[in-house]
């Protein structure tokens, strides 16, 4: 059981590292900028989650996560060298998979630490959204999470699904949470679903 | 006494949530972007304060804060739907009230945790300024706190007033701290008071 | 020994405060904006390091750091008033010295707290890069650490040098770590050394 959680967590870190690398690449950053952006995306959300919950930050005691990010960033760069065209969807899909892993694992870790299901859903959402948010701020994009296409909403749905199914079966909950997040996010990207955008009635500038 | 602190804290969270919602609205964000920005503004400063002081993060043990943010964001959105014109001052005033609450409550919580009055003033300022700073960074505005009009200065004055009066009376200190911050900030906005802006003598770009 | 560490740490805070003040000055911020930016640059990296390692945040128990930042910011402002021309290199050099101090001291503090040498190198890099990264985000520049010229690389080299020499001699390790970081960073700035920048093959916008 512990093993499943561990590998799932590592897989989430890996896909987020890919998404960070892809954005750094698009922004013409150098080799180390790539690794910085990959790391921030991959461990940013989990670090904030552990800090807020008062747990030891997950990657300080197990360097595997950092080795994983390094390896993934290097492999992604090599892959990008040999690929002539990278559709923008690749970045969105990598990000969606990362979000699916982290929303569920964030909720799981919060529940294990003895917090309430409501806080678990909130922390799942924070784990999943925060890394990508810093990634976008550093690369000077408007954070995806604020741009819509049901970004944070999918995390809330996924983490809630996990928390609910968790009352019966831990492994099923993990799968349901991840699949729910991933499918909802991919569908939202595919069909450009989004919540209504609010428009102001005035034309003053802030 | 505890009750007064609790309600004051909750009121601070509520007005900051309003200011986050207003900015998200002006930036044409979708429904969840609005809630993310409202939450970050409302709990960002207090979260950083609790992390730095090594206290349990206030909203993880009491979900009332999060319910309050949700309710406030939804009510603000509904209100905005029915209002044809939102003057920019509304945002500034909501922000000023939030700053007044947080500068004082941040100093109060730090003193209670056994830190020195000087650190209490610093943490009051951080609590009050940090949430709004992230709000502005995420919405890609230049943070208000850096743009002047005595922003951080008012927090320092208010938190200092609280810490000084605190030696005689806790409730009086609370009122004095908040009123000092609020009045100074509103006056600064009204009369466009600001500290001298430093200008460089050269015309090189960074 | 403790004394040496303390003064070195304080010196790092001071030069980073200078670099924050210089950038705030270039961005035409007011007096308090200057102090905010100076503080964020000077204590941002160390604060994140202490939070992640679960140590008490260094400046909450010893206000000397904050007094030092205030004094340095005021002195820098006075100095700037009397100086007609500030070459951009001044900012880069102040930043380089700060990076040299923090990469080494961050690694040192992490080793002392009982973490592995690998984590010490990572935390040295975070301590050194994070303050400047927030400084640049707040001032709406692209973070230096992502722009290249071997920024993060120098921190990794310096922190690694410290961790290696540390096995024989603590004071020598301190000097070697700092000199390695400083010289490498200055040379990189001087000769515009940088890692290869990755370019995308497509012309799509994100």
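Per-chain residue numbering starts at 1, and chain names A, B and C are given in the order in which the chains are listed.
Criterion: a contact is a pair of C-beta atoms (placed from the backbone, for glycine too) under 8 Å apart; a residue touches a chain by one contact, two chains touch by 3 or more.
Given the structure is predicted, the values throughout are model-derived calculations rather than measurements.
Chain-to-chain contact here is organised exhaustively, every possible pair of chains being in touch.
Simply put, subunit A must spin 120° to overlay its Cα atoms on subunit B, rounded in steps of 5. Mean C-alpha positions place subunit A and subunit C at a centre distance of 28 Å. Annotation for subunit C: residues 51, 137 touch two or more other chains. Here subunit B touches subunit A in the complex through residues 23-37, 47, 51, 56-57, 60, 63, 66, 77, 80, 83-88, 91, 137-141, going by the rule given at the top. Looking at the complex, you find that subunit A touches subunit B at residues 51-54, 115-116, 118-119, 122, 129, 133, 137, 142-143, 145-148, 150-153, 194-202, 204, 206.
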